[in-house]
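Handing you this structure, nothing more for now.
Naming follows writing order (A, B, C and D), and every chain is counted from residue 1.
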């Protein structure tokens, strides 16, 4: 093939790309936009895409129901999702684009590193931040414009530990494994003291690097402690799957917990069914259980078809953030982030889980936490079984 | 004159490296069965002439004809298929491979196994001291032996034209003499030979025809015997 | 360097810095900052390419620069000027030590050792809790006085750094680096301390990479180890090649084009990676010599008729 | 006396090592022949693994028993991947032979492009892995996943076959000649460009086979190739770029550090130790353990 013949399709591709640049940009004035800073590429893409999809779902429902009424004016809502690549630098770029270029005043950000970058802008510029991270460092009275959208280990941990203590009264020792990033470190810092406080001995707490492909040595080391409980708070589904599979091969019997485990099917894809049997999860939604109705199940089914995962704690945040925002705006009767932030702790909103209000002062010092239920689930034969539903208290 | 009488003809080739001219308007004619040499000082462009002919360096202008056909810019492997063989500067053996493998690769283009075996035998008769070292890695050989291997490898493609780039450089006088005899031997077997040399004395002794290259230009051409008699050559190249 | 070059640099630099005043909205300012920082990093990466090596370790030196600024500002409360320089200085010192050991190694081995170094430094930084571990550091702000002038400050620093790199490249030292790239054995035989020259080159480049890091920290206000993985250096190489590695201006042009492209491609959401990857592929296939090569080609084509006429 | 832990660690090292060997062989082959570092190598691995997880259940649903389904799926997958590799070579890499910078950028762009494409085509969720050889096997009283034994056996066979073909066949010798000195090879009549393509396609096929073999035990997501890439690079560079025995040795070196370090010091430290040890080895042997001077 000659150079010139090659050049034509390549030029065509270039033209397409230039066309691509013209998409996007500012929306119409009567639309309230929620900016989403999410990982949309790489390993975390599944969470980002799911969250964006659920946000769109909420927006569609709200618009269908007539939109948002602020002092007699009716607004539509929309979600704008950009890729933060799960890094601080990526988060900073996305934050600038959302806040400064698109003029969006409300942002949902996922991942501790991108949130840190986003928060330094939102708090300074007076924008509202919905915080989708497992840690505590970016939540509290120091950040008056930052609100939580989901249950993080601070909420999930006590529920799980309480359940385990009740169910396995003879268990006394714990080993922990976390991914060595901001999320893993922060979660570990919450979970380890919690175990200790509940009277358990934490024999070891290990970290591994993201991108690790082989877990046999780690599993062998985990097994060597012969702990009663193996706690894997922040492992992404494929990593959790590999660890569980290797633990099974080694014949490790203890109680296994994925505190942030969001999806049985995603873990099972890698672990196989038998290795996952009996494992507890803290962030998975027993959508087929008695706590949910047909409407919620339909959304979950649609979600699974759209991006490969059923609804879970993480992607529901896209839905809930939009609902929180709308409830806050309606209560404040203002689009001003400060006014909304003032109103939010007192509102009730239509969460995916049902009608909920705010609390969380005990954990964060301020009421920024929506009081969502925690579901402790156990995987039995590939299915999530409701073991305990704990309503997070409002104190 | 036909391509049969002039197996290799070079017409006014020019070449440059990154814009700096290396050879300028060089023309050569190799008579069939003859030995031709190009002599010149270090940096005169001798190696560039060889590399242009065998397609390793692109020519800016001019033509190379092999057996009457225009082969300018053709890749080296195609030229080998057309009967050209090269002993490159610095030998360029496949150093982490055995002698046998090196010789086999010399015959890469040939599919007639019996003919290849016959040629291998012929080559080993010419280089008897290589015979029991067929499984030795060639990087274990001495410099002179490596040069022999390079020539032997080039013979394995059963060439009709052979180019040698500075075959005697860095070798002991006794080896230089052997190489000289070898070139004569190859020529007598019907192969047309072109070699470039810095050592004008040995080159003019072996060759039938000779060219003198200076700063990328041919400044003299004649029979080797005639050139060896001229005063300039005596003074500049033979150190007499 | 000729006298005219100095004047061109002075004028061009002033224009570039003055031009940053045209951007007053926060978004444009953030993109302008990114562009200038990328130009500096690309130029630093290219400076090592003068000795014929690709240094993926540079990503780590950007990180060292950024953390220097972070530690000096948020933990030690040092003055701004010192905070700007401590990172680059540390990066230079580390690079001298690292360079003395590894610059004996060449080509792909040096390149992959750089990968390993960047990864190892990234992991190590995440283990140190004083500097925030994997969460990194927040609240790295320049003095309030600079708030309205940040983009011009960044531009001024970068232009000055580029000017210094340009001067070095066209000095005797720069010519020596070129000789080393062509053949370090020849350079060695004529009595040049090749390793010394390489290490010096590497140290200069690392200082500039560190400077890019300091600027990054003050522009983003937040840094984390994951920002300084080898992908950062991958992109520097992309900038240099897209622009054309033969001149410093190629690196600058490449960085500008690619950062603008990447800023725009954010709006593509999930397709941004696909788009950016396609942009790289298309560019390298259509312009193997980069933008500079393209400009050269156009120039030659415009001049070609004249040349033909002369020949006729 | 051999302790149980020691045996465990040896077996784990072999398990991990065989995975890295499978991944590294292609990388080292490509480097040897084309003198380029292929950043997109992992993409072929990922495409293949994903296709296998799609094809095996599909064929099984059409009544094929699992083993024939797996073999057919692997054959198809390798063919498809090699075709993609052909496209990559013919329309891209062929212009960047021996141009490390150009080829690196091209393959980097391709890797990003393919990441994005796979994510939009297949989604980011881990794909359910087919169970090909179920259960565990006991070796010296240590339980090992049967599939790991299969991967190990395959790695031995493939490496052996590759080694044999590189030393005993005409193509293999020609490829080694190109790796040694491509100009001298051309002067022997070896068609460099055509054989570079063949070498690249062989490397692509190796990545595809590795992907198919790993699909039942690794994770299967679009990002999986990138995860293996870094350790693949480290294995190849430690062993000596372009050397097949070097790739094996390098892979085992990385595997042992990962296994022993991971067990005694912890996984994060082991990952860092890999990078540090690679640097140390290169300082002692600047061209890797088995690289040529």
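Heads up, the rule we're going with is that a residue touches a chain if its C-beta (ideal position, glycine included) is under 8 Å from a C-beta of that chain, and two chains touch if they have at least 3 such contacts.
This one's a predicted model, so the numbers in the text were calculated from it and none came from an experiment.
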| item | value |
| --- | --- |
| Other chains in touch with both chain B and chain D | none |
| Chains touching both chain C and chain D | A |
| Chain separated most widely from chain C, comparing mean CA positions | B |
| Chain closest to the middle, measuring from C-alpha centroids that were averaged per chain | D |
| Distance from chain D to chain A - Cα centre to Cα centre, in angstrom | 34 |
| Chain centre separation in whole Å, for chain C relative to chain A (CA means) | 35 |
| Between chain B and chain C, centroid-to-centroid distance (C-alpha), Å | 48 |
| Length of the line joining the C-alpha centres of chain A and chain B, rounded to whole Å | 72 |
| Residues of chain D touching at least two other chains | 91, 115-116, 119, 230, 268, 271-272 |
| Where chain B touches two or more other chains, by residue | none |
| Shared-contact residues (touching 2 or more other chains) in chain C | 123, 270-273, 275, 278-279, 285 |
| Pairwise touch network: line, ring, star, complete, or other | other |
| Touching pairs - complete list by chain label | A-C, A-D, B-D, C-D |
| Residues of chain A that touch chain C when the two form their complex | 6-7, 10-11, 13-14, 17, 20-21, 23-25, 40-42, 45, 48-49, 52, 81-83, 86-89, 91-94, 96-97, 99-101, 112-113, 116-117, 119-120, 125, 135, 137, 180-182, 184-186, 209 |
| In the complex with chain C, residue positions of chain D that touch it | 31, 35, 37, 39, 91-92, 95-96, 100-102, 104-106, 108-117, 119-120, 230, 233-234, 237, 241, 268, 271-272, 274-276, 278-279, 282-283, 286-288, 291 |
| Chain D residues within the chain A interface of the complex | 5, 8-9, 12, 15-16, 19, 90-91, 115-116, 119, 123-129, 131, 136, 143-145, 217-221, 223-224, 226-228, 230-231, 255, 258-264, 266-268, 270-272 |
| Contact footprint of chain D on chain A as seen in their complex | 1, 6, 41-46, 49, 180, 206-209, 211-218, 220-221, 224, 237-239, 241-242, 245, 249-251, 265-266, 268-270, 272, 307-309 |
| Of chain C, residues touching chain A in the complex | 25-27, 30-31, 34, 123, 126, 133-136, 138-139, 216, 220-224, 226-227, 263-273, 275, 278-279, 282, 285-286 |
